[in-house]
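Read through the structure below, which is laid out as C-alpha cells, and then see the notes.
Chain naming follows the written order as A, B, C and D, and within any one chain the residues start at number 1.
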Amino acid sequence: MNDYQHSDSFDNLFELYQEVIIDHSQHPHHFGALPQATHHAEGVNPLCGDTLTLYLKIENAVIRDAAFQGHGCAISTASASLLTDSIIGKSIDEAKRLFEAFHQLITSEKETAADNMLGKLIILAGVKNYPARVKCATLAWHTLQAALRQDAQPVTTEA
Amino acid sequence: MNDYQHSDSFDNLFELYQEVIIDHSQHPHHFGALPQATHHAEGVNPLCGDTLTLYLKIENAVIRDAAFQGHGCAISTASASLLTDSIIGKSIDEAKRLFEAFHQLITSEKETAADNMLGKLIILAGVKNYPARVKCATLAWHTLQAALRQDAQPVTTEA
Amino acid sequence: MLDAKAIKKDFPALNQQVHGKDLVYLDSAASAQKPQAVIDAIVEVYRKDYSNVHRGVHTLSERATRHFEAARETISRFIGAQDSREIIFVRGTTEAINLVAHSYGRHCIKKDDEIIISEMEHHSNIIPWQLLCEQTGAILRIIPVTNSGDLDETAFKKLCSSRTKLLAITHVSNAIGTINPIKALIAEAHRHNIPVLIDGAQGIMHQRVDVQDLDCDFYAFSGHKLYGPTGIGVLYGKTKWLEAMPPYQGGGEMINQVSFEKTTYANIPHKFEAGTPDIASVAGLSAACNYIQQVGFEAIHQHENALLHYATEALMTVPELRIIGNPTERAPLLSFTVEHIHAHDLGTILDHAGVAIRTGHHCAMPLMKRYGLAATARASLAIYNTQHDIDVLVEGLHKARGIFKR
Amino acid sequence: MLDAKAIKKDFPALNQQVHGKDLVYLDSAASAQKPQAVIDAIVEVYRKDYSNVHRGVHTLSERATRHFEAARETISRFIGAQDSREIIFVRGTTEAINLVAHSYGRHCIKKDDEIIISEMEHHSNIIPWQLLCEQTGAILRIIPVTNSGDLDETAFKKLCSSRTKLLAITHVSNAIGTINPIKALIAEAHRHNIPVLIDGAQGIMHQRVDVQDLDCDFYAFSGHKLYGPTGIGVLYGKTKWLEAMPPYQGGGEMINQVSFEKTTYANIPHKFEAGTPDIASVAGLSAACNYIQQVGFEAIHQHENALLHYATEALMTVPELRIIGNPTERAPLLSFTVEHIHAHDLGTILDHAGVAIRTGHHCAMPLMKRYGLAATARASLAIYNTQHDIDVLVEGLHKARGIFKR
C-alpha cells in the first residue's frame, strides 16, 4: 500500500489535473479528421470504452501533420492533444524514441536522461501515481505505434 | 459434529460389523443368477463403482424367488443377502412396505412401530451412524424397486 | 428499519481509510463487501472440516459433503426452489448463462430459431448467445429500450413467436438500475411456450426472489454480489429442463459409469458439476444467505429505497449532472454524467474523497450506445450505505466541478 | 530434510481428533489441507483490499487488480512460463481440460482426426474428449497400460500419426501413482507435430514443474491439491495456441468491444476469463505457491520419497495386502486391496482409527477395469505426513483384518 501514501491528500489531485491538462482536454489541439492522412489507426481502451482515431501525414519518414478524433477522459484527450503537438515535424525514429521516453515517464519511478526530450509532455508525469489511469495517458501513444505499423485492427491498451 | 460423539470409540465399529453381517457378506444367500427370473434390474453406487444385479421370480404378485449378483462391500453384500432372505414369499405390496420400514430404520433417529416387521434386517440398524455408508445398505433395495418397476436403465444410489 | 451503521460494523473492509478519508463504498453492484460471518464460514471450512466432497467415507469427507449439500438446501430455500437438485453451483452469473447457452442451446436450438434478449443486457447475457447463434445459425432478437430506460414491451410482444426458443433477460439493469417486470414478461413468454432465463446478478440482493412464484425456467446469480465469496454462483433450473439437457463440462463427479465404449451421467445437480467444486465458497455463500435473511428483505428494501430517494434528490442538486434513465422501477443504483467531466475523471477525483464508484461502460456497451454515451459514473447502494455516504459523494462531485472549472 | 512435524503445525485442520483419535490425513491426492498462510491470504483480501478487478479506477479496485495480476506473475514463475499471459485462471483441472477441448477442439479438430489419451486417465481427462469426439466425429485412441502400471510406450508410438491432433495425458496417475515420462512423451509427440496437454493435477505438488523445459503445449492443474483454495486452478497454454483459439465462455472482462453487429475479444489471458474471477482464491493460490517454494521442492521430494519407501515396506508386512501396480517411477501414493475386505469397509474401519484414506474407483474407472477391480484403498502422502502416520495406518489395517477374521 506504500505507493498510496504519497497521494493521501486531496490536493495531490492538482498534480494530475494541472491547468494545462484541463486546458488541453477542453480545447484539444489538432482535433478532427485529416483528409490528406497517409497513415491512421484506431485505439480502444476496453476498460472504459474510450476510442481514439489518430491520423498522420508522413512524407520521407517525417510526420508532417497529425490529428485525432474520438472520445475520452481529460487525461487521454490531453495526452492525445500533447502528442500531436509533439510529433509534428519529427521523424518516425524520433517519434518512436519519444514514445519510449514518455512510457518511462509515466510508468517508472526514477527520472531518466530521456526526460529532457519530452518538453511539454512532462506535465503528464503525475499520472504515474494513478496506475488505473496510465492506460488513459498511453492510449494515444499506442495508437501512434499502430498507425506507424499501419495496423488494420484497432489497438488496445490492454497489457 | 455432535452426531460423531457417540461413535467416538473404535469398539462402536462392532455395532456395524456384527458377526451376522460379516457372515452374510462372506457367504451371501441367494448369490448367483436366476434363470427363471421374471424381473431384474441393475443398481450402481457411483461413489465406489459397486454394481449389483437383482433377479426376481414373481407369480401372481408374489415374489416366489430372488437372487443377486455383483460386487460390493460387506454392508452392501450383507444387505442384498438379507434382502433376498426377507422378500422371498412376500407379496409385492409387502416388499414395498418392507422397503419403507428399512429406509426408516437406517436413515432416521427414532424407532418406529414398523421396525417390528423387519425381522433379521434390524441388524443393519447400525448403518445409520455412518452416513457415507447408508448408500451401501440401500443399493439392493433401490435395485429391488427398479426391478419391480421393470426399469431398463440401471438405478443409482445418488440422491 | 435497518440500522446501516450497525450493519457496516459487520463488514471489516468498510472500516478503513482511503487517501486519508473514511471509505465510502458505492460500488456494490460491481461486487459487494463481505460480512465477517461469511469470512468466518470460509475459514471454518479450511480450519476444520476440509476435505474433498462426494468421494470419501472418512469423517472429514463426510462432514464436508454434508455441509456442502446442506448449503445447497439453504440456497434452495433462499430462492424458493421446489427441490435443491435444481441448484447448480457454478462460478458466477456468467458461467451460469454460458452453461445454459451451451447445454440447453445444444439440446433445443437450431438454425433459424430465435433467441430474445434486450438492449440493456450485461455482456454476460449477450455474448454467450452471440456465440451460440454463430455456431447454430440461430438468430438473436433484441428488445429495444425506451428513453426512460424501460423495456419496450410492445416491441417485446411482437418479437415473441413460435420460432422463439428462449427469452434471456436481466432482472435488474446493472448500468441504469431498471427493475424489469419479469413476472409479467415470463407469463407473456410462457403464453408462447418460450422458456425464460433471468439474469439475476443485480436482482437477487435487493428483494426476495421466489423462483416458483416467478415461474422462471432458469435464474442465474453470483455469490460475490450477494455479500458472498468470489468463485461461486448459482444456476437455478427447473427439473424438467435440467434433466433433459446434456452435460456441460465433463469430468469427475458428474458421471455414473465411465468406459471408453459408453459413459453415463449422474443425475442432477451433479451432472452439471464436473470436477471439484468451490467447497469453501459454497459454505461462504450459504452464510451470506443466512446473514441476509437475518437482516430481512423487507428491511433491506425499505432502507435501500429510502436511500435511493435521498440520493436521487441529492444528485439533482449538482449542476450539470444528468441521471441516465428514469425507469418505472429502479434498483438502488444511479448512473450519471456531469457535463464536461468524463466519468473516469470523476472516478479518480471521488476516490480522493474516499468515495468508490464505478465508471465506464459497465459491461453494457449496447445500452451505452443507445444513450449515445461512452461512459457513465455509477453509484450503487447496499445494506451498509448511509445518507452520510451520499453526502460525501455529492461533496466530492462539487469538488470535481471546481477542479474542472478553474 | 524437511521437518514434517513442524510443517504439520502450519495446517490447522490437521491438529484435530476424529473418533477420539489424532487425525492422520492420507487423502491429500483428493484434496490437500491448507496452511494458515493460505487462509490468511484469503481473509486479507476480504478484510482489506476487496473489490471487483479490472473494472474500476478507485483505490480498492486498483489494489485488487494489482494483487490479482501479481498473483498471476507468481504462478507464472512457479511453473516457469515464459509470459504470465499464458496463465489462464479456471476453476480447476477439470475446467482447464474442458476449456481446451472446447476451444482448441473447435479450432483444430474435425471428423476423423484422432486424439490420444491413456487407459490411466482420470475421468476429467476422458469425458471432455469423449464429448468432443461425439460432437465432431473425431476418434479417441487409448494408450494401454502395462501390468506394472506404466504406459505402453511402444503402443503409444504406433498410435502417433498425421491424423493425431492432440495428446492429452496425465503427469501422474491419481489412482496408482505412476509418474509418466512426460518430457519424453512430449518430445515424441512433437516429432509428429502433435501438441500435448498435460493433466498436472497430481504432478504439480510433488516436483518442480517447468513448462518451458517440458515444452508442453498445455498444462492443467488445480489449486486445492497444491495446498491452495478450492475454486481455482490454472490452464497454462503456449501463447501461439491461446492466441489462435476462439473464446470459451462469453461475458464480462473477455471483450474488447461489444455490439449486436460485431463483438471483438480481449487479448490473452482475458479472452478466456469471462465474468468475475475467484479473486480471493487467486490470492490464496499465490500464497500456496509461495509457501511451497519456501519449503522447497528438493526437500519435498526427498521427504515424500523417503516416506513412500517407508510406507511401501510397511504395507507389505500386512498379510493379504496387495499394492496395485509397480511403475518405474511412483509419486507418493499407494493404491491397495486387502483380500476379502472391500475398500469401503477398510475406509470406514480406518476412519475409526483416525486415518483418512480414499476408497473407490478414484474417478479412473477404465484403469480399475484394466486391473479387474471395482475399488481400491488409496493412501496418499504430502509434505505434512510422518512415519508415525504410516504406523497408525498399518495398525488400523491389522485391526480391520481382525474384524473380518472373527
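Note that contacts are C-beta pairs under 8 Å (C-beta built on N, C-alpha and C of every residue); 3 or more make two chains touch, one makes a residue touch a chain.
Since this is a predicted model, take the numbers as computed values, not measurements.
Trainee: Using the touch definition from the top, list the chains contacting both subunit A and subunit B.
Mentor: Neighbours common to subunit A and subunit B are C, D.
Trainee: Contact counts by the stated rule: is the higher one at B-D or B-C?
Mentor: Result of the comparison of B-D and B-C: B-D.
Trainee: With chain centres taken as the means of their Cα atoms, state the distance from subunit A to subunit C in Å.
Mentor: The answer is 36 Å.
Trainee: Starting from the mean Cα coordinates of subunit B and subunit C, work out the distance between those two points in Å.
Mentor: So the centroids are 45 Å from each other.
Trainee: Starting from the mean Cα coordinates of subunit C and subunit D, work out the distance between those two points in Å.
Mentor: That gives a centre separation of 31 Å.
Trainee: What are the residues of subunit B that contact at least two other chains?
Mentor: Counting only residues that touch two or more other chains, subunit B contributes 4, 47, 49, 130, 132-133.
Trainee: Among the residues of subunit C, pick out those that touch two or more other chains and give their numbers.
Mentor: 18-19, 55-59, 61, 255, 257, 344, 348, 359-360, 365, in rising order.
Trainee: Touching subunit A in the complex: which residues of subunit D?
Mentor: Of all residues in subunit D, those touching subunit A are 54-59, 61-63, 65-66, 69, 85, 255-257, 264, 266-267, 270.
Trainee: If you look only at subunit A, which of its residues touch subunit D in the complex?
Mentor: Within the complex, subunit A touches subunit D at residues 1, 4, 44, 46-47, 49, 130-133, 154, 156, 158-159.
Trainee: In their shared complex, at which residues does subunit D touch subunit B?
Mentor: Listed in rising order, the residues are 18-21, 340-345, 348-349, 352-353, 359-361, 365, 368, 374-375, 399, 403-404, 406.
Trainee: Once bound in the complex, which stretches of subunit A touch subunit C?
Mentor: 4, 7-10, 12-14, 16-17, 19, 22, 26, 47-51, 71-75, 77, 130, 132-133, 136
Trainee: Give every residue of subunit C touching subunit D within the complex, in rising order.
Mentor: Against subunit D, subunit C makes touches at 12-13, 16, 18-19, 23, 25, 27, 30-31, 33-34, 38-39, 42-43, 46-52, 55-61, 91-95, 97-98, 101, 122-124, 126-128, 130-131, 140, 142, 222, 224, 229-232, 247, 249-255, 257-260, 263, 274-281, 344, 347-348, 350-351, 355-360, 363, 365-366, 369.
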